[in-house]
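Have a look at these structures, which come just after this line.
Each of the next two complexes has chain A plus one other chain: chain B in the first, chain C in the second.
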Partner chain A sequence: MLKFVGKRILQAVPILVGISLVAFILLQLTPGGPGAAYRGLANVSAEDLARIEAEFGFDRPLIIQYFAWLGQFIQGDWGISFVARQPVFGLIMARLPATLLLMASGITVSLIISIPLGLIAAIKRDTWVDHTLTFLSFVGLSIPVFWLGLMLIIVFSVWLGWFPTGGMGPPGEDVGILTRIWYLTLPTVAISMVSLSFFTRYLRASMIETMDEDYMRFNKARGVPPVRRYMRHAFRNAGIPFVTVVAIHIPEFLVGALVVETIFSWPGTGRLFWDSALRFDYPVLMGVLVLVSLMVVASNLLADVLYGKLDPRVRLD
Partner chain B sequence: MKRMAILLVVLALVAAACASGTGGDDTQTTTTAAPSGGGGDSTTTAPPTTTVPPTAEDAGGILTIGLFQEPDNLNPYLAVQTASQLVRELVLEGLVDADPEGNYIPQLAEVPSAADGTISEDGLTVTYKLRDGITWSDGDPFTSRDVQFTWEAIMNDANAVNSQNGYDKITSVTTPDPQTAVVTYSELFAPALSLFSIPEAILPAHVLEGQAFGEADFNRTPEGTGPYVVTEWNSGQSIILDKNPNYRVPDRPLIDRVIFKILPDQNAGIAQMRTGDIDVFWNLDSGVIDQFQNIENATIQVTPSSNIEYLGLNLSSGSDPANPHFAFSDARVRTALAKAIDRTPIINDLLFGLSEAATSPIGLGWAAPEGLTNPAYDPEGAKALLEEAGWVDSGDGIREKDGQRLTLEISTPAGQQVRELTEQVLQEQFKAVGIELVINNVPAATLFGNWAENGKLKRGDFDIVMDTWGADLDPDAFLSTLFRSDQIPNEANDGAGWNFFRLVDPTLDAAIDTGRSTLDIPTRKAAYRTVVERVLDAGVYLPLYKRSELDAFSLGVTGQLPNPWDDFTWNIEDWVISEG
Partner chain C sequence: MNRVSDENLDALARDEEVEEVSNWRRNWRRFRRNRPALIGLIVLFTILAAAILGPMLSPYDTLTQDLSNRLQGPSWAHPMGTDELGRDSMTRVLAGGRISLGVAALATTVALTVGILVGSVAGFYGRWIDNVLMRFTDLALSLPDLFLLILAASLLGPSFTTMVIIIGLVRWMNVARLTRGSFLTLREREFVLAARASGTRSRGIIFKHLLPNSLSPLIVAGTLGVASAIIAESTLSFLGLGLQPPTSSWGTMLRNAQQQIFTAPWAAVFPGIMIFLTVVSVNFIGDGLRDIFDPGGATLGKSRFQRRLRSLRAGNEPPQLIAAQDPDAAIRVRPIDP
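Let's turn to the complex of A and B:
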């Protein structure tokens, strides 16, 4: 087990280096280049630009710049934001808790809702209950997150006034747990809609597949009560692929956070990333990209480990 | 593979964000070209500003201002974002300021003038008499050493400040006594009074000396001389400012606490104005005006800026002025274009009547020429001129000459709704006189890119550009970089300058030189009138409308005084907010 995890982490290193190299080159190739944050300013002359670029080291060859960046990155120096002129690591870490909170809330709500719905749809297969749930989950899968977010704000904040339009809490006040939940509600609905629909669909399919197995029919014939049959036998087996799908799916919440944080003024890394892209703030973009890559690799590893733990037929080595 | 797919999505989003970053870039260009803000004789729809100065009885309350851009940094010499200026305005001050009419007024120092000898006869020495009794928010006195330190910090290359323009013409800043700073220039620098002032400010020497300039805490929580100090900055959420206990004006500021709330975009601003979560929303897009107009208890303050939306015509084919443009080399075609434009539908329908037609590249301030008019809208006259120039109908309504169709390309930074609609209006208007207009919008970086990046303007790779640019209170830098013949970007000068019209006019060059050779206002004013008239006569710059800054205010906020030369927060110490 430990050997397996160690091997996977070692394998991840070249992947991460490769991703960072591609991202670095892509960012440098975008129109405007690294000096773009300053180029639009009327009071920045060509001499000023040359002076600033030399100070930031943009005048060096690209590959040298990359390895200089990589060397510092490994040592925890993620560079200085062009725009805020503050260390990138600190900027990102200041925003990360907000994103993790939103993701955790989204994942929790998705699971709490999708598991019962998936089970009911599978048990009541081909009834009107199943058809309704199928229809609703297709709607949920099809709604664009940005549109859903705006609609939630218009209906529940502007018209009804039930929830705040955005942010994590009233500015300048200490935020208690209830206020925090109140502010979390709409963003959580927006970020979990697609995933919870997807989870419901997946769990239903997985349950139906299991319920069609011979041993399930045998259980029924043997007179095992339905609740015990569904929960103990079917769900346990159907749950194994479901858990790994959920783990692999975690990065989707990161992508969702990018959109949801922007719509709901949520001060997380997704919005930091978006703002930085608008400002041509390359060091921050690089930092977030590498962090996201790390999280993707980590959730894949988590999925593999969980699979091995839950299913004795699978051996990790 | 799943993980690759996700990474691709993320990378695609970066690319999309960078491409759509054009909007932000343009905001920056516009607003730094001329300090954003207010409008003196403006057609403001805001409630009339109180005639009786507010008293201490009106004091108190919390004001929440929505920004759709997070300030990056409050150090005026490092900040890039336009929103930074608004917040900094509450904390840091310059030596002098400008009032809504464009006159310099004292701030930290009296306004130097030739009359009392504080500007030497040759204009090379400027003496600032600092006002008495000013302290920094931490209690230390403000002295001439702060002025000297500010200059030293700007000129220290290790500090990587945005611009040394003008400051590099200073040879020394001396401090004969704590209340006097003497600034000496190596050559006459006409906009000298704008240095150390709007949109910039004086830095506290006692705080920053010996600190790493770029990473100092000062850049987020500056010690200042202004009415407020930053008490809390929560990234992505809010910046909270409270009264500066050492502010020099008694009983000011009136509002206890100002909160700048960071919002992601204009939509969030609309929603929060409706719910009353914010009292003020800064800098509305023209495209969302109609949504703001029907918010009860709110009003839109319109403040003309010196920024002018215009069409720029390229006189040459490519970057070399020696190769004439196939159509625009003939002055009659340029005049025909001017006559074919009807600004009324653009202003009334696209801008909701909140802007006015522009007649000159300099729209405001002492240098703005008076009494100029645009050629009247006259499609028949335009047609006649085109006929005369040899452009005749090819049979399908579009004119041609020697087998060449009169097809012109118009470019503007992509992704800006009002500009795109304006292009469509122009397309119709030009078609009516037999000119085919093809819209080719590109990312801002492609349009404004430098020589090495093959920027379209620098390389002369366009027919017509639609852009915004505005003069500072002192128009010297603006006029020379745009119209002087030595500012035509080319291979030899590595693409320096922004005379992308490729206008060569010795009379105009001479007038610019006259304007910068003296500090005498009447002489300079006459010289700049000549420059503007030469540009308009050449027909290469077709002014469309004055860009206005539009800010939404709840009716409970009073005391604001629009000022085209400074940010709308410039007199925030006099604002009052009434509850409910």
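Let's turn to the complex of A and C:
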């Protein structure tokens, strides 16, 4: 097991190097290059600029700059934000918990809703229940997240006044769990819709495939009661690829969080990324991009490990 | 000796019959049976026609302002109301559809072109080329698309052309994987070996034999790609990093509407419904096409699961010709190194 995880991490190294190269190249391509933070400031003369560039090493060959940058990056020195004039690493990490909270809430709600729906659709296959659920999942998959968020705000905040229009809680207060949930409700609905539709469809397909297996027919002939047949025999087997798919799907919640945070003024990394894009704050953009890419690699790794752990037919080595 | 060549001829004949996509009548019949797909097609055509003809037939202009009629609700004169500058929203929504659909169609073309190119080269030449290209594809897949889009839009500045290119360039990876996968299975098939043996050039094999037989999954992927491109463009524009006024797509209109949700909430309804209807229709059409090309009902779930299982078991080896490994075969066929 450990050996497999180690091997998979090693296999991820080229991708990690690739991600770092992409980030470095993009940083070089930014208008003004990496030294742009100091350019154009009134109190920085041309000589000062040259001195600063020499000090930061911007006049060295690119390859050396890359390794220097990489070394700093690994140590958590992600550069200085053009706008906030603070270390990028700290800025991002301060925003990360809010994003993780939103993602966790979205994943939990998607699973709680999609698992029963997927099971029901598969068990009631080819009935009106199944057709309705399949149709609704198509609808859910097709709603643009940002529009759903906008509509939720219009209906439930502006019109009915049931929920706040955005933010994580009333400013300047220590927020209790109920208030937090109250503020989380609409963003969670928005971030979950696409994924829960996808999960429902996937689980249905996976269940149907399992239910067509010979051993399921044999179980039926043997007189195993339906609940036991569906839950213990079918769901257990269909659940394996489902868990893998959920793990692979985690990055979609990152993308969803970006949109949802922007609409609901949720102070997370996604909102930070958007703000930085509008203000051309490239060091922050690079930092977030690398961070989310690392999360993608991690969730793929998680998917592989879970798959091998849950399915005894697959041997990991 | 006879045994093998007969079988091969048989397989050859069957292959080309089964793989043929051009049986329009049968396909259409099957497509029609999928009710949602048929309705989707009708809705999509209606939206297309309205977007193309609507602005021409409308008595209003998309840019002429009428400040005495600002932010009117829906009425007979303005079925979708007016915007903050008194322009007729319906005319603008229809005209915006041209932009949204145009960006989506062109971006999908870019994605298909790049994806097919990368996938064909990787699948046909194999070996280290395949390895390099597929690692590159993996890398591209591990950068979340919306983040990349926002970064690119921020770097390159918003315009119609940049939208098309950047959306196309974050969506080619699946196409490349599909093309490569299908090339890997096809290139060891008898009709390809026969073409090779008779001296067809690589280019001929790719374009005459491999690509035409790989089309069906690509058609489905391309259709679904249009849906995701529409969402990508409108999301970017909504976030203020896409098209800028006065060029307006559905996403740009929703961005304006967001600033008026307290005074004119209906303004956010119509462009969103258009996006939603288009995307739903395209998704249903894609589903109908999948029905045609994959009548066994192999769903997304099945194929992905099987692929993972297979690749985990086989350590990612391309399928080999059975005859190549069978020591008793009358003819020994060596897999051809391209």
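Here, the second predicted complex is superposed on the first by the 277 of 317 C-alpha atoms of A that agree within 3 Å, B and C clash if a C-alpha of one lies under 4 Å from a C-alpha of the other, contacts with A are read in each partner's own complex, and residues count from 1 in each chain.
As a working rule, contacts are C-beta pairs under 8 Å (C-beta built on N, C-alpha and C of every residue); 3 or more make two chains touch, one makes a residue touch a chain.
Predicted model, so just to flag it, every value in this text is computed and none were measured.
Once the two complexes are overlaid on the shared chain, A:M103 sits clear of chain B and of chain C alike. In the superposition on chain A, contact is made by A:S206 with chain C only, not with chain B.
Legend: residue contacts after superposition of the two complexes on their common chain; A:R271 is shown touching chain B, with no touch to chain C. Of the two partner chains, neither chain B nor chain C is touched by A:V260. Among chain B and chain C, the chain that touches a larger number of residues in chain A is B. Of the two partner chains placed by superposition, only chain C is touched by A:P14; chain B is not.
In the superposition on chain A, contact is made by A:F135 with chain C only, not with chain B.
Residue contacts after overlaying the shared chain place A:L150 against chain B and chain C alike. By the touch criterion stated above, A:L119 is placed in contact with neither chain B nor chain C.
When the two structures are aligned on the shared chain, A:I250 is found in touch with neither chain B nor chain C. On chain A, the patch touched by chain B and the patch touched by chain C overlap at residues 19, 22, 26, 30-31, 150, 153-154, 158, 251, 255, 258, 262-263, 273-274, 277-278, 280, 285, 289, 292-293, 296-297, 300.
Touching chain C in their complex are the following residues of chain A: 14-15, 18-19, 22, 26, 29-31, 135, 138-139, 141-147, 150-151, 153-154, 158-159, 201-202, 204-206, 209, 241, 244-245, 251, 254-255, 258-259, 262-263, 273-274, 277-278, 280, 285, 288-289, 292-293, 296-297, 300, 307-308, 313-314. Residues 36, 135-136, 138-139, 141-148, 150-151, 153-155, 227, 231, 234-235, 238-241, 254, 257-258, 261-262, 265, 268-269, 272, 275-276, 279-280, 283-284, 287, 299-302, 304-305, 308-309, 312-313 of chain C are the ones that touch chain A when the two sit in their complex. Those residues of chain B lying in contact with chain A across their complex are 2-3, 6-7, 9-11, 13-15, 17-21, 23-26, 28-29, 32-33, 64, 70, 72-73, 75, 78, 80-81, 157-158, 160, 162-165, 214-215, 219-220, 232, 234-238, 240, 257, 259, 261-265, 267-268, 271-272, 274-275, 277, 443-446, 448-450, 453, 469, 494, 496.
Within the complex formed with chain B, the chain A residues making contact are 19, 22-23, 26-27, 30-33, 36-48, 51-52, 55-56, 80-87, 91, 94-95, 98, 150, 153-154, 157-158, 161, 164-168, 171-172, 248, 251-252, 255, 258, 261-263, 265-268, 271-275, 277-280, 285, 289, 292-293, 296-297, 300.
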